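Read from first to last, the chains carry the letters A, B and C; within each, the first residue is number 1.
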Amino acid sequence: MDRTTIDLWVGVFVALGVAALLGLAMKVGNLTTANIGETYTVTANFENIGGLKPRAPVKSAGVVVGRVAGITFDSATYEAVVSLNIDKRYAFPKDTFANIYTAGLLGEQYVGLEAGGDDVQLANGDKITQTQDAVVLEKMISQFLYNKASESTDDKSKASSESTKSEEDTLGASPLDKIGKSSADKAEK
Amino acid sequence: MTPNIVEIDNLSFGYKGRMLHQGINMVFPRGKVTAIMGGSGSGKTTLLRLIGGQIKPTKGQVRVDGDVVHQQDRTGIYRIRRKMGMLFQQGALFTDLSVFENVAFPMREHTDLPESMIRDLVLMKLNAVGLRGAHQLMPTELSGGMARRVALARAIALDPSIIMYDEPFAGLDPISMGVICHLIRTLNDALGATSIIVTHDVEETFRFADYIYFVANGVVAAEGTPDELRNSNLPFVHQFVYGEKDGPVPFHYAADDYARSLLEHKA
Amino acid sequence: MIKSGLLIGLIRVFRNIGHRFVDGIWRLGAGMRLFWLTLTSSGESFRRFHLTIREIYFTGVMSLIIILVSAFFVGMVLGLQGYHTLQRYGSSEAIGVLVALALVRELGPVVTALLFAGRAGTAITAEIGLMKATEQLSAMEMMAVNPIARVIAPRFWAGVIAMPILATLFSMVGVLGGYLVAVPVIGVDAGAFWSQMQANVDWQHDILNGVIKSMVFGVACTMIALFEGYDAPPTAEGVSHATTRTVVTSSLAILGLDFILTSFMINV
């Protein structure tokens, strides 16, 4: 085999490899979308982040506006400190609300931003004060079971005429409501 | 400049406790064709490998041009080997290169000669072995004798001062054998080189060698010019030269008494 | 009598285990030594890079057909199987993600390496083994040419370079195969196929990690093939045994390394 023929084939081979890598990066991977270019970083404290992972998307109104840069634990407040890299093109008011949501029933968790009404906008290094924790399924279930149990003991001890009231009580202490309350408390702080 | 280009001094070598050589002394004078003869398995080829520095002696030393081979580092050994050309038993041509490229190989590796000069030199070497017309063939297309001649051309590519031949006649027809014989002698004299031939081919070797060493049982059993050896009274040399079945070298490998081992088996 | 027979049998078993163990350690050490010699002689072979290019041709270009055809079929099978599973959960658009992640992270590097071991690895072992058996390596040494720099190192680097290229091509062609099954044949929306894929395949953590994997496989596969050839007894039987061992050892090494690398990459 001639050396020039070999050179030609190897050249084609390497070029194909580079083309395939570019193809993977552009067409299959997120190199085009992942490089959101310039970002600014804000932090948010959560009491519980559930299964949130670094590099999870940050979405607002369903649009990816950034990514979770890192998660650390603050041993002074016993809270999780989540830093978010947000695209410079998108600005958010200072009183923006950060929630941890789950995509679908068992999907991955992401941070959702809900814009507030403040005139001042978040800048690099700012902290989002209003947050809502992740919904932890086990907590919800155990609370639900606990309430059910207390409901049945209530049934035994109390008269049947009061049963409608006790049902209201248990509903009032439903976990979802409790979460809403706790975050509202936090917001007040 | 020492008169002997290669000197072997009280050399011992063995694998795993079994000694192959036990104190061998040999000298190879410049410009001469010296043959090392001995039965199969007497460690003749190993001697060549010891001279080339591919293995280290257990005891004693080999000196090439005054340098002790086994004490050299890699660059030293490579420097010594550049003075050597070796013809391997089956030629050992590079099967992925053509005849031309095989002969050009040492030149390309060790010199920066321009392509045109390499071409001239290769064709010259091939012409010396009578295979200039075959330079485009691949080694697989050559007969055994031709392959060996190409390998010889490759061995002399850089005009070595020592040419070593490992069983150059094994498996060749009489005509090819005659050709190789002729080539060894003429190349030795034309290049002013020293030839070391390892062989068990009595007739051919006695015809052109200047000096012959017989190796048996790990020592030099006999040495001398072909005429001296032909008239030697040593029983071993006599047996070897005239190819007798039994003699000092027994027909049977060392074993128990034949009759007894048969009887034992029955019982 | 039976007792002593049992004892002898046991002793034989342990002796066998011991022998294999010692032999394995010895081979590992000898392989590492060859690896080290190859690395240290690489400078010499880089100066004459056309030797490596020649070997890239024989290991890389000549393996293209088998790699590309296998990739295409693997991609199509992934598309079919993935669709049947995903549609039960009503998320058949995720098929693009499934095909791409499976290929880029695992199947691309691993299957390429396995095919490489069978196609190029055996060829390398047989070639080196025969070069040794026919004294070509000895002849090189006697010509004051280092066979490790001239023969081993170019093949090593050719394997290390060719493997990631082949694995990348495998992944790309596999994705195309999956696309062909999912979009025109099954009728998944093309936009959803690509956009879901792009949203979930990460350039660094999926694609680059896959390439790193295939580079490690390239080093392991080529080195095993070279060592088995270099270490083969110079007989027909020896070379054939060495070729078999190349396939077995390479395959085990690839799968073992894949587990180790994956566990590192997922933790990070």
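The definition used in the following text is that a contact is a pair of C-beta atoms (placed from the backbone, for glycine too) under 8 Å apart; a residue touches a chain by one contact, two chains touch by 3 or more.
Just so it is clear, the model here is predicted, and its values are computed rather than measured.
Annotation: omitting chain C yields the touching groups A | B among the remaining chains. Chain centroids computed from C-alpha atoms place C closest to the centre of all protein C-alpha atoms shown. Centroid to centroid, with C-alpha atoms defining each point, chain A and chain B lie 79 Å apart. Centre-to-centre separation between chain B and chain C, using Cα means, comes to 42 Å.
Averaging C-alpha coordinates per chain places the centre of chain A 39 Å away from that of chain C.
By the touch rule above, chain A contacts chain C in their complex via residues 1, 3, 6-7, 9-10, 12-14, 16-17, 20-21, 23-25, 27-34, 55, 64.
Residues 52, 54, 74, 77-79, 81-82, 84, 86, 88-90, 92-95, 105-106, 109-110, 151 of chain B touch chain C in their complex.
Those residues of chain C that touch chain B in the shared complex are 130-131, 134-136, 138-139, 141-146, 150. Across the interface of their complex, chain A is touched by residues 50, 53-54, 56-57, 60-61, 64, 100, 104, 162, 164-166, 168-169, 171-173, 175, 194, 197-203, 205-207, 211 of chain C.
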